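For reference, the structure discussed in these notes is given below.
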Amino acid sequence: MHHFTALVTCLAVLFYFFTSVRVARARIALGVKLPAISGHPDFERVFRVQMNTLEWMPIFLPSLWLFAIYISDSVAAAIGLVWIVGRILYMTGYSRAVEKRGPGFAIQALAATVLWAGALGTIVWRLAHG
Amino acid sequence: MHHFTALVTCLAVLFYFFTSVRVARARIALGVKLPAISGHPDFERVFRVQMNTLEWMPIFLPSLWLFAIYISDSVAAAIGLVWIVGRILYMTGYSRAVEKRGPGFAIQALAATVLWAGALGTIVWRLAHG
Amino acid sequence: MHHFTALVTCLAVLFYFFTSVRVARARIALGVKLPAISGHPDFERVFRVQMNTLEWMPIFLPSLWLFAIYISDSVAAAIGLVWIVGRILYMTGYSRAVEKRGPGFAIQALAATVLWAGALGTIVWRLAHG
């Protein structure tokens, strides 16, 4: 069992859900009616935070779990927490201005890359060494 | 093995695929040419049904499987079926009018929340009790 | 363990990530500033390639893994490679013109359908035969 990775998965899903709630709130606050997805720059930035988080979920979740299975549950979970922290910084920065999304984005991209590369390296090693 | 949850996963993927097919059909029927994703309110509602289902897949699928692994295959699958039913009601309602998406949305959100909270609670309990 | 399927998962994630990088590059080259997601037909086609790949990830990844678990790791991985090749053809075609996305799309759709149908058939058979 991979309890820590399972816990971090629940937390990542919760954070991602929260980015969706912010879009629903921004719709009301800024008067962007469904089904439109544009119309106000403040709304569009909040919407892009959700979309970008969604876009990274199929990178993050498979990499997180392959790392957990092939290398270590607790190390995967720790790097997964770093990813969530980077995502939170990205969200708070981007909500203020496009330029302020940089540091958070870099942190989460680095965390995801470590998970992906660690998993890939170990899988290739296992295949090569039977 | 988690046969029932695997079956419900296949059904959820099929339903999600069907929401994409409806977008392709609406493009032709309403004359919204690729690569545009707007231009006609009827198209935009059908498009939003697909997008919203996509947005919920990374909430639903991990929660479904963690619930199945940590609690019960058959209970996870039963709640997963409720999620699909809620999604179908959301689709049929939203396709007619923005206001009619409410009940289906609430059902699927409740089903996903039960899966997520059940998984999280059990994971935390296992971590606390070794 | 499902080493080959894990390897193909890493490759699919890498390819998907690459479609995102192309969007970032197209933004700069064509002057489509964040948070906009439209404004230039060349940008919109590159954006649609990423979005469509994202849209297919929740179809492809669960089907790939259910096929691997229920049928065969190496066969799942081989069909997964065909999916990636189809995706690459779709990307290169669509980037040139909307009409040229057809063959690649058909290949990846066929590969995903084989994975999904194979998994579903085996799951139903297992449930029926205990």
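When the chains are written out, they are named A, B and C in that same order, and each has its own residue count from 1.
Quick note on the criterion: contacts are C-beta pairs under 8 Å (C-beta built on N, C-alpha and C of every residue); 3 or more make two chains touch, one makes a residue touch a chain.
Everything quoted here is computed from the prediction, not taken from an experiment.
Novice: Rounding to the nearest 5 degrees, give the angle of the rotation that lays the CA atoms of chain A over those of chain C.
Specialist: Superposing chain A on chain C takes a rotation of 120 degrees, nearest 5.
Novice: Over half of interface residue numbers shared between chain B and chain C means same, under half means different, so which is it?
Specialist: different
Novice: Between chain B and chain C, tell me the centre distance in angstrom, where each centre is the average of that chain's C-alpha atoms.
Specialist: 19
Novice: Name the residues of chain C that each touch 2 or more other chains.
Specialist: Residue numbers touching two or more other chains: 38, 54, 58.
Novice: Contact residues on chain B for chain C in the complex?
Specialist: Going through chain B, the ones touching chain C are 1, 3-4, 6-7, 9-10, 13-14, 16-17, 20, 33-38, 50, 54, 57-58, 61.
Novice: Inside the complex, what are the residues of chain C that reach chain B?
Specialist: 38, 41, 44-45, 47-48, 54-55, 58-59, 62-63, 66, 69-70, 98, 116, 119-120, 123-124, 126-127
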